[in-house]
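One chain, chain A, appears in both complexes that follow, with chain B as partner in the first and chain C in the second.
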Partner chain A sequence: MSDIQTGDRYDLAVVGAGPAGMSAAITARARGLNVVLLDEQEAVGGQIYRNITRANPRALDVLGPDYASGARIADAFHISGTVHLTGASVWQVGRDGTINYLRGGKVSSLHATQVVLASGAMERPFPIPGWTLPGVLGAGAAQILLKSADLAPSEPVILAGCGPLLYLLGWQYLRAGVPIKAVIDTTDTTDYVRAAGHLIEALAAWPMLKKGLKLMSALKKGKVPFYRGATNLAVQGTDAATGLRFTVGGKDMHVDSKVILLHQGVVPNTQFTWSLRAKHSWNDVQLCWTPDVDAWGRLEGLPNIYVAGDGLGIGGALAAAVQGQLAGLEVAAVAGKIDAGARDSAAAPLRAELAKQLRIRPFLDVLYRPKDANRVPADAVTVCRCEEVTAGDIRGYVALGCSGPNQTKSFGRCGMGPCQGRLCGLTVTEVIAQARGVSPSEVGYYRIRPPIKPVTLGELANEA
Partner chain B sequence: MVSQTPDLSKREADVIVIGGGLHGMSSAFHLARRGKRVIVLEADYCGRHASGVNAGGVRTLGRDLAEIPLSLASRDIWHELGELLGDDADFTPSGQLLVAENEKDIVTINKRVALLESHGFTHEKIIDGKTAHELVPTISPHVCGGIWVKDDGHALPYRAVTAFRLAAQRMGVAVHETTPAQRLDWRDGRWHVTTPRGTFSAEHVVNNAGAWAGEFAAQVGDPVPLEIGGLMLMITYRLPAFVKPVLGAAGRPLSFKQFANGTVLIGGGLRCPVDVIGRHGEVDFIRLASSAQTVTDLFPHLRELPVNRAWAGVEAFMPDNIPVIGPSLSSPNIVHAFGFSAHGFELGPIVGRIVSELVCDGTTAHPIAPFSAGRFRPVTATEAGAAVPVPFSIPTGVPR
Partner chain C sequence: MATNSLFRPLQGPSSTPARSVKIEFDGRALQVQEGVSVAAALLSAGVSRFRTSVVSETPRAPYCMMGVCFECLVEIDGQASRQSCLVQVRDGMKIQTQRGPRALTDGTEAGNE
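== the complex of A and B ==
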């Protein structure tokens, strides 16, 4: 789209073109703000609606009606008049609203009076023995391949873990004709019992529950072997995955496969908010960090920066869109484009909608709470795959006086590799918390340093 | 196993060291070797700021004249650190090379080495372009000479802090992290140090508080013009080994080294603003971009190398770029050692020993007169006639 010069100024910059980011931009544009949206992909959609504007009818059919509904937001976004910087990799957001990004091999920056971060969620690490072997992939990553490149494994796959995305991918693979060796579910009877306590409120979100049941029954009808209450998961293989070992009902089992898709839910992507030194709290239900924000998503202590969507805590695409609109309204009010009355009357139905969308979360969060053994691994399991640090190494650092994730870097380079802790951060926090016998909130998280995305020396040098 | 939770009931010692950085841990180690009971009070965690986040240069190259004797003595300890502590902090005697990129740089380095030689220092050697390319075959052809110090090198900063810490703890030193010293009171012949975790007391206090040392110096009557600033560094992804020595440049800011794991560290005295309350340096990418330019000029094949992260430690800068080392001029039983202004890592081993001598013996044989806290006091007419050390301007691009 338009060619941006370094130093351009906007009323609002939005980072991320998923439902939250697009909705924030649409809402602010509708109130007359000058808005720019930066996103890494060549087309809008984020992860949930990845490639939505380019999907062919077959893909839309395979991926299902929830995916197809993303096209409505994308259409509204395209006519909103937002400046859309595609293929823009944002590598630093400053507390003053400076945004450094890389686009087409060129480093540029812009400045915005207000910023909405809508960088969504990422897959929770699933550190079990063998999880770093070639052939093991996150189910979310596999789904992205399906959405963006219409790519699916040619080998029969194993889906292991828990959570809605795992079953959704299974359902989508069935429709795409991808053979599924087995679904190995870590959810057990006690999870169903605990979740039953939240069933009444979840029933209010009956359409969503019904969808979930539909996915499960489709997998059953597809005659996919389905194991419930699986424990002791371990990927087998030396140079590459050859299968998955697990225990069900006291019986040791084994399923062969070269492709093993692991998944135990998604967690907020907090790289930007940590790098901004925003305050975060440990969410004991979703077992993740969430930034501290007000009712509009404004970061505590950073009045010009907001978070919308799954970055606030996992709520799903529909909730994310509403959170984007709420942030957009407040941004417009701060910019003086609407008064507090107009803001509040527009926000009231949105808040009701948000409450409705989030009603199913306590049920899902309890039912699909990842097992301790699949989050806090045994000593021999690799935690930081970039620097090859095991859980046992980390426990050893704790014995030497290491009290938090930042010191694990110094003790053993844990979290200092190319992923900068994105893959191991939560595991490191939980392993230390367990070893010290304190809560994760006391242990804290990595200090996240820019660049959030890789920038080469040559690209940076061009800026000089 | 070293105890990680010191006994809070033991609040008395012979010496309280304020600051758990390299200098604090080195002081504690050397004091414990002299038989002193030592408590270390650290506001955050040990090695959190300058000591843990610096470039790890073990460098005598490019030092201020006043610092050269100390840096040479300290380098001897670095070469024996493994025997001293049981851990060599990954000290690598790779040599350090200050490259000249043009005729102007050649003039600068020749003047520098001539001055050193006139003072009897011969550790810095002028080399020609051919030798520079033999030392670093991958460097750009335009490099035409340099200063070479073969016994310098680099180490891992946090490993060094931890090595001193663990050695000190084995000798009984109690390290209290997240225990910021707040106030110092001299009462009944002892210092009483207030912290949020209660008061600690000792006959002696050592001020190794880095960026925060100015507050304590002022409290005991030795105000100094310490300036708190950030110092930026960036590190790259791994790549195959291509450079052994630590590099600096005579004509522009640079500090550059490749670690054994393949990552490349780039810095060189690049200052940035800090949030003092948040205890955090704010990385300024525009300045880092000029470092990237220097690096890709010297090594064009690094243009495609991704930067992994950039950070800035919070450090104490003195206006004359040399530290404060010595006893308080106004209060009893206080020793200061701070203000290392981005060149303190190499000095850590010797300064800890000097501190222990000042505490235990009241004096040291090392020449520390230039580092007196008193040098910033207004000069009286009679004093003005006395010899004042001439500040020597070091090249801008000395490696760290």
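== the complex of A and C ==
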């Protein structure tokens, strides 16, 4: 790829090369827009289709057909004529469409008339005792190791928590011959009862439901020890993880392993939208913040900036691809490449498809709602891993008058480490909300500001 | 390659042996798979502690593998605080454990606080 000059101008800049970002770019390119896509990785795919263009047959087989299907969208993207800036860390998106990014140790910028943010999701934090010990990773992190480097745990592994990704990884490990010591599931009987209310709706999304049932039955057939309704999860170990302690049916249990993979769902990555001062709402079903947008994903009050994919709320890869197409159509219409009629007629089947893809969400969201104890931890548990601030510290700040996440910074540097509250932000909001006896909405979130990604003074000084 | 690695390459008939590169971790020579992240390379080579935390100086290692958590920070070729999960491993890289808080040098992040 030829080097891009600072100050280049585009009709559309897309941030993120997952299904939403690639789809937005493909759609806008097909209508003749000049499109650039920036992504941190060396190859397209985002996290869900990570490494899809380089995966070997063995990996494709282990990871399954849903992963393999990502190749189609990657192929379409590669022939779309989008300028793809790989290894580009976007550290600022301006309200005017300026994109500042770091690539190969050099800081550059470009300008786009319209912007689609497709920065996807991240795993929800799982703050339990011992979760900072080496050997504890997210299940999503372990899946990234599998997709990007063909790496799997070398000894029997523990999968703990709840949600589709946890069982999917278990299924993939079974196919890869990776021994699973135990699945320790936090889902309990009351979750199944509450979710049953959404079952009819979910049945309309039968292929997805069937896939979930297939994963669960494979784990059962694989004779993986499966504990349901686990509470009091605590990672054991002093310098590294040695096992997991938990309670099931009133009985205290302990399982040994040096690799413990935690997961309780994914949440939108909202760093960019917060940094743009976009309006967000607390979603009490998915327990996360989502930006306020119109039917095309356009941010409220920011007419040239859109969000597509899981950054809008968790809907999965197929929904993300559709949301990317919808944003791409509106971007093309605003650019004058198609009229409103053409936009709407192309959008109609997409909206039907999106509704279909989202039909299973209420069922999944209720069934796998992460437990309060695993989101709003006991006093001794570290919440902010960077600055080592515990839930008890935060409750102490609240007792002294701290009312929201921003103030935790001055009370105790909470959220001020290099991750800038990315990982702890949701937990901090919920801990404060609980301590104050108010809703997360009232507590709010960190005031996020650029650089979203760390940039050194040296790199800034060398701006091209 | 260390025998006590927590992660190892998938075993299987159709997995092709990956090409390898030589790197150094805390002065120790390691042969690792080409084309993967520094974090993945180190994990597969038996490195299970990447840094010590800034307050209590306790051991830390990768948690998210996608650039969110900053637990995998190491020093790469003299530059501190690199996210090893976002940097591709290259032949001849010299990597070091990052210990405790960073000194304020040219590598300091701009405008982060």
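A few comments on the model shown:
We take it that the second predicted complex is superposed on the first by the 463 of 464 C-alpha atoms of A that agree within 3 Å, B and C clash if a C-alpha of one lies under 4 Å from a C-alpha of the other, contacts with A are read in each partner's own complex, and residues count from 1 in each chain.
The rule we apply is simple: a contact is a pair of C-beta atoms (placed from the backbone, for glycine too) under 8 Å apart; a residue touches a chain by one contact, two chains touch by 3 or more.
Computed from a predicted model, the values in this text were never measured in an experiment.
Contacts of A:E155 after superposition: chain C is touched, whereas chain B is not reached. In the superposition on chain A, A:A59 makes contact with chain C only, while chain B stays out of contact range. After superposition on the shared chain, chain A has more residues touched by C, the comparison being chain B against chain C.
In the superposed model, A:P454 lies in contact with both chain B and chain C.
Looking at the shared chain after the overlay, A:P418 reaches both chain B and chain C. Of the two partner chains placed around the shared chain by superposition, neither chain B nor chain C is touched by A:P349. In the superposition on chain A, contact of A:G138 is made with chain C only, not with chain B. Of the two partner chains, chain B is the only one that A:G401 touches; chain C does not reach it.
According to the touch criterion, the shared surface of chain A, contacted by chain B in one complex and chain C in the other, consists of residues 416-418, 420, 450-451, 454-458, 460.
Note for the complex: chain A touches chain C at residues 40, 42, 47, 54, 56-59, 61-62, 89, 122-123, 132-138, 140-142, 144-146, 148-155, 176-177, 239-240, 258-259, 269, 385-388, 416-420, 422-423, 450-451, 453-458, 460.
The touching residues of chain A, when paired with chain B in their complex, are 92, 100, 107, 277, 399-401, 403-404, 406-407, 409-411, 413, 416-418, 420, 447, 449-451, 454-458, 460-464. Those residues of chain B whose C-beta lies close enough to touch chain A in the complex are 1-2, 4, 45, 47, 52, 158-159, 162, 166, 175, 177, 236-237, 261, 266, 278, 280, 283, 285-286, 288-290, 292-293, 295-296, 302-311. Residues 5-16, 18, 33, 35-37, 40-41, 43-44, 48-50, 53-56, 58-71, 73, 81, 86, 88, 106-113 of chain C touch chain A in their complex.
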